[in-house]
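The following blocks contain the structures, represented as structure tokens.
Paired with subunit B in one complex and with subunit C in the other, subunit A is shared by the two complexes that follow.
Let's turn to the complex of A and B:
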């Protein structure tokens, strides 16, 4: 019952979620570390900004991104200045949108795992002469394994279900920006309910299994609660 | 929107492209009759799905003639009440003044990165846009530059934000926005007619009054001035007057 386009949309969605999570783990680690350790007076401001995508309708994020990526917007002008293609309607544009959209789902679990670790292990490592880089890779990372797993799976799963942002900046191009949730929406709107059921069911089961993985593993390791 | 004590309250589903026009007509209707009208704006396909699943609308102004036909066939509409209330006009639009010539040559010359159309699987204006590209023999040439909006409002937004240089939109949108820019009003013989039908979902005196109000001359003139071919003139002539307008 799945069209060729649906299978393409499935792959695009997986690639998008994967690329987003990789970017978010790289960007989110220093941000979460800073949030977990800083005594900055206005830390709450940054925390609130990071949490915004939890409460904002994704179409708001998408709308601002569409404006920002346009020829008059800051992102659009930046791309023109450095001689690159505009971002709207491209896979790269979707990754940027998804990074905003899924930011709290990666940063918050990391922040909470870093906070719960405390300063003890790092101070011991420092006393033993470990460099900051060494301390991060041989102390922080192993102790935060479960936090990273939670962050990665939640970021991935949340991006899988992304709709509003992609709707606004994607342009629905098969093989480039047409993701699963858009394909489902198209099927429903064009009254192809059987196709919609197949895709929606696939997404439902897949997302459930991912979450089951997080909660199951978290219980086993007994660390970070989200 | 309020009605007086005797007035009935009408709940009406309307296609996104027609909602602002119907809003003005409904205002006049309320002033003259004392009935109250609430409009619910949305995509025709979604309205259809919601009506099938029990949405409590009295009347449905669709963007095509397909949803209304299905509703009648499925026994969810009042039989024999389907009527064409307007015929849409398609236009190729750019927010840049002087970018589009009066013949749509820009499509051939190809000095653009993105051309936005409404998704042809969902929106009649998208189907019409594909018809035009096929009629001009340009579909293959521009295919990889097409981006699709979920509906005609989003398609307009793609071009309005400048992310797409060109878009096939509803002529009514250009008139309503009253923006600078340039456009080519596409001759109607290049695409299937954009017939927009309404149908009664519940029968009452007030609902019939409203539909009759929309079909009478005054409202039809307003519809004509809003960028549609009114139902009356659409019925009189298959080839409505075409003017190749360029506005700067």
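Let's turn to the complex of A and C:
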């Protein structure tokens, strides 16, 4: 059985994952492009920083973000300076946290798809009269289709399962910042195993279907249509 | 109407310094060994790589690159056919062609689909995906795509290099037709003497990043110090008119500028060309001090020796000859021993026996 709260948590989780993926695709594209093409000597530094969330405990990311977003942190002061509410314990704050948390899951597939494309197709397009922006939309995007699909789904699925970061910066406000993973935790704490089963099972099946979609589609996209 | 290039490029310890000026019409072949900087030269002309400060690229009055500015690639009106066809895999053949068509700037007399598709024999390929095409077909589409972008200069970087011999034979006639029909100048990079002999009007010789010689094909080929002349592939190119299409015994008779006859295997009936290009390898030319009688060799031309030089330091001599009553030049590669026996010296009148001629275009 699902409580109303659980359905809200499910809904918030979906919204969070969707918003995070949209932000990440927009921010991650130039970052991945830069990483794939730059000859910057200290590129490894940036790559290591992007990969950090893969190995750090989410609570560490959450802890630093909480401090940054707090009234004395740089983000918090920025928000106060422009006359906005502080970010901690808000949905926007959650999105920012999730962007950091899922960054490598979006940037790495994009970077590898851009590197494997090489500069050949872009040079051809340039000699055919395509401007840089035109080249991105008419050549890079279509050729990176499977990379974008992988990036979007991995970023989405990874955000779905977020726990530590949300716990640190989102609090656990039902209807506002309570996400699925935390709702499950609450149920287990209160020994409501039936509810926990429902939520956990839903998340399991949903995540599996999502990944199945990626791998299935990726396989199909590789097959050349005659 | 000229193409003016003067540029320097440094890549690691490789130095390219190319300076030349060639007519802004017809096909200019850039010939040299792999690694001599031919491809880099083309890439810099197209704007894909930047030259060192102060480079100049100017095509028929339009400056693409000069001291203070460099036009970005997509605004250069350059057609580029790479070694690898580089078709966009996400588009059909037609989509690839339209990619160029959509982005070109309106130009006078630019080629259209109706013209390019039959020229390159692409009719039955239009709906196919690039991955389903053969190497030769892909390259034909790539050439068509470059033409449709209405370039002011067509650059071809060894377009046949990545193809097997059969695809080469399949595609060469298309390139031949294209070059003779092209309304824009073509820079054709190659390390094949066959392609140069067949396609080029002008020739640029490159060696280790430097331009050794440039000028009209026959003139540059005739230079005894050129890398081709010094190799055993040395050859000359003769232009002949048709005297008699249906000659005796399955032969056709051609006429040189000096009025001599040249017998060749019979040309196809309905031959449209009025000027036939012949390749004559220097090693297929032998010399006689008197007109030979009773020889099985059909083609014997009168000539005057203009230069004698050592070909390879291994007993081979390269003799440069001017055909009697004309400006046409022939090279002969003979042994140093024969050279002494015949007492060949400059200004000497001599007869050339040509063992074989190859019909080009």
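Basically, the second predicted complex is superposed on the first by the 222 of 226 C-alpha atoms of A that agree within 3 Å, B and C clash if a C-alpha of one lies under 4 Å from a C-alpha of the other, contacts with A are read in each partner's own complex, and residues count from 1 in each chain.
Just so we're on the same page, contacts are C-beta pairs under 8 Å (C-beta built on N, C-alpha and C of every residue); 3 or more make two chains touch, one makes a residue touch a chain.
Source: prediction; values computed, not measured.
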Open item on the list: By the touch definition at the top of the document, which applies to A:139: first (subunit B), second (subunit C), both, or neither?
Closed with: second
Notebook entry, point to check: When the two structures are overlaid on chain A, which partner does A:72 contact: first (subunit B), second (subunit C), both, or neither?
Noted result: first
Exercise for the section: Determine, under the contact definition given at the top, whether A:190 touches first (subunit B), second (subunit C), both, or neither. Expected result: first
Open item on the list: In the overlaid three-chain picture, which partner chain does A:216 touch, first (subunit B) or second (subunit C), both, or neither?
Closed with: neither
So, A:83: does it touch subunit B (first), subunit C (second), both, or neither? neither
Subunit A residues where the subunit B and subunit C footprints coincide none
Subunit C partner, complex, touching residues on subunit A are 120-121, 123-132, 134-135, 138-139, 142-143, 145, 224-226
Note: in the complex, subunit C contacts subunit A through residues 46-48, 72-80, 82, 84, 86, 88-90, 99-100, 103-105, 128-129, 131-132, 145-146, 149
Subunit B contacts subunit A in the complex at 43, 45-46, 48-49, 70, 113-114, 116, 119, 121-122, 146-150, 154, 157-158, 161-164
Per the touch rule above, subunit A residues touching subunit B in the complex are 66-67, 69-73, 76, 86, 88-89, 167-169, 171-173, 185-186, 188-191
